[in-house]
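Chains: A, B and C, in written order; residue numbering restarts at 1 for each.
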C-alpha cells in the first residue's frame, strides 16, 4: 500500500517540469514589504529563473538551507549568517540592501519615546513606564536586532510588560495593535501593514536600527541537487544595476523602503 | 464590524470578477483536499469495516489508538512529514517537499484516523444489528464488510464530510510541508493566514467566506446526491 | 444431491461464561416433519436452535450433518424472533441471499419477484424494508429465508412479536412451506400453534431435553409430570 502511494506520488511530482526553478527562503519581513512582487517577475524575465519563494522566519530559513531544502536564502541577521558560513552551509554572504527598523506605538505615546534622543533611550523610557512591548520572540533577524538594542541599552527584558509572541512580523503587529503595545518592526512591513488602527511610527532614525539583508547561496558541495547555477545567476542579478534601480525605486506610501548597497 | 462587511464585499467582488488568483488557489485547495479525502476513504472506510467485524486480541487497543490519533495536532504532523520529506530526510530523494503532493500526504495522515473512526462506529452499530443474519446466510468476511459499507453509506458520508471539513480548513501542516509558495502551493487557508499576517483583514475574511461557502456546497451537494433525509429514507 | 439431513447432535453443549445454556443434547433430526421445540422461558429453546444452525459453536460435543459442514451451511435458513431487515428495499432484501451466492442481478431479481408474489409482498417491493410493519417484516424475513430453497428452516418464535392476523398469516406460510417438503424446526411458546403445526415435539427444561416424541402422543398424554404441568399452563421450575 505504501509502495503504491509512493509510486503515485512520484508520478504526480514528475509532471512538474519547468524551464528553470529554484527555491529561495526569505524572511517574513522581506515578503511583507511587497518588494518580492516587483522583483520576481523581472527576475523571471531577465534570467528565465522561476523562483519559488518560501516565506519563513530567519531561523527556519537557515534550517531549510542547512537541510538542503532550498537553494539559497535571503535573510537579515549577520551573526546567524556568519555561523551558517562557518558551519559550511554556504561559501559566502553577499550584501544586497538595507532597510531600517522603527519603533511603533500607540498614537498617544504613553512612554513618551518620541522625544528620545537615541534607540537605547527610547527603550529605557518604555521599560521605565512598564508600557507593554511586543517582541517577535522567534529568533528571527528582527528579533535578534531587537535583543541587540536592549543589550546595548543595558536593559533587562523581564516583566509582564515585555511580551514575546513567537510569531512572524505581521502576526506580531496584529498582536501589538490589539494590545496597544510598542513593537519594533522593519519599516517596510509597517508601511504595508493593513491594520494600523491607532498606532504609528514613534521613533526612527538611529543608525543602530539599520537592517542589512544578505543573500547566501547554499553550498553546492553539501548536496548534489542544489541548483548552484541558477543560484549564482540570481546573485549576479541581485547586485546588478537593474536590481539597484528597482530596489531603490520601490515605494510604499511615497516612502523609499530599501536602500541598495551591494558591492559589484 | 466594518471588517466583516468589507470581507463580504471583497468575497463578492472576487467571485463576480472571477479573480484569477482566487480561482487558482480554490482549485488547488479542492485538488489537495479531495485527493487526500479519496485516499483516506479508500483506506479508512474498509479499515473501519474490518475492525467492526473482526475479533482479535489487540482490537481494543487498535481502536483506542485510532481514536486517539484523531487528536493528533496537525502542525505536529506537518513537522514530522517535513522531516521525512526534507532533502536531508529519509524520503528526501523523492523531491516531494514544497509540492502539493506533500500537502496531500500530510492531510491523509491527519484525516484517515477521523474517517476510520466514524466509519468504524457506524458499522459497529450496524454490525451488531446484522451480525446474526449475515452469519446465518454464510456471508464471507469480505461480503460482510461490503454489506456494511453499502448499508451504512449515509453514515459513511458523514465520515467523509468530517474528513473533508478537517482537511479543507487545515493550515498548520500544509504551511510547513507546502511552504505557501505563490503559484505552486498556496491554497485558501494558507492565503488567509498570509493576508491576516499582512493585516489585510478584508481580503482574509473574503477568502474565509469563500472557504465556508465551498464547504457548504460540498456538503449540500453530497447529501443531495445521496438523497438523505428524504421521506421514508434514513 | 446428497441431503444434509439427518442431523445428529451428540453431547452437544453450549456454554457462556461458565454457565451451561443448553446441553448435553443427544438428538437426531430426520428428513421430514415439523419439529416444535417448547419449554419455559430460559429453558434453552433459542440456544438449541442457534446451536443446531451453527450461529454459536459448541463448547462440547458435536453437531453432525450428513454432509460436510460447509455444504450443510448452504442448505439451511433461519428466521429470528425479531426480523432483521437490511436497510434496503424489500426487493433488495429478497435478492440478497441469492447475490451472496453469486447469482446475477437479473436472475436474483426474477426469483425475488416470484417469491414476493407467493408471500404477498409484491406491493411493497420498492419500499425500504425497515419501514414495514412487524408482520410484514416477518413475512419478508420468511420469504428471504426460503428464497434459497433450503433443506431445513429454523424459526425461533417467529410469531412472538406479532398480532393475531399476522400470526395467522405466518403460520399458514410456515405450514405451506413444511407441506412443500422443507424440514421445519420451530421454537414457540404458543401451545395452540404447537399443536397445529407439530409432527414431533421436543420439550426442554433447564437446558436439557426433558421429553420428546411424536406430537399426537405428546399432546394427548405427556409422559413426564413436568411436561404435563407445562401443557396445563402451570409454572414449571
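In this section, a contact is a pair of C-beta atoms (placed from the backbone, for glycine too) under 8 Å apart; a residue touches a chain by one contact, two chains touch by 3 or more.
Since this is a predicted model, take the numbers as computed values, not measurements.
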Touching both chain A and chain C (chains): B
Chain occupying the most central position, where position means C-alpha average: B
Winner on C-beta contact pairs when A-B is weighed against B-C: A-B
Distance between the centres, which are taken as Cα means, of chain C and chain A, whole angstrom: 79
Whole-Å gap between the CA centroids of chain A and chain B: 34
CA centroid of chain B to CA centroid of chain C, Å: 46
Contact set on chain B toward chain C in their complex: 126, 129-130, 132-133, 135-139, 143, 147, 151, 232-234
Chain B residues touching chain A - in the complex, by the definition given at the top: 39, 43, 86-89, 91-92, 94-101, 105, 179-184, 194, 196-202
Chain C residues touching chain B - in the complex, by the definition given at the top: 53, 55, 73-74, 76-78, 80, 84, 86-88, 96-97, 100, 127-128, 130-131
Interfacial residue positions of chain A with respect to chain B in the complex: 1, 5-6, 9-10, 12-13, 16, 23, 28, 32, 52-56, 66-69, 168-171, 173-174, 177, 192-196, 223, 225
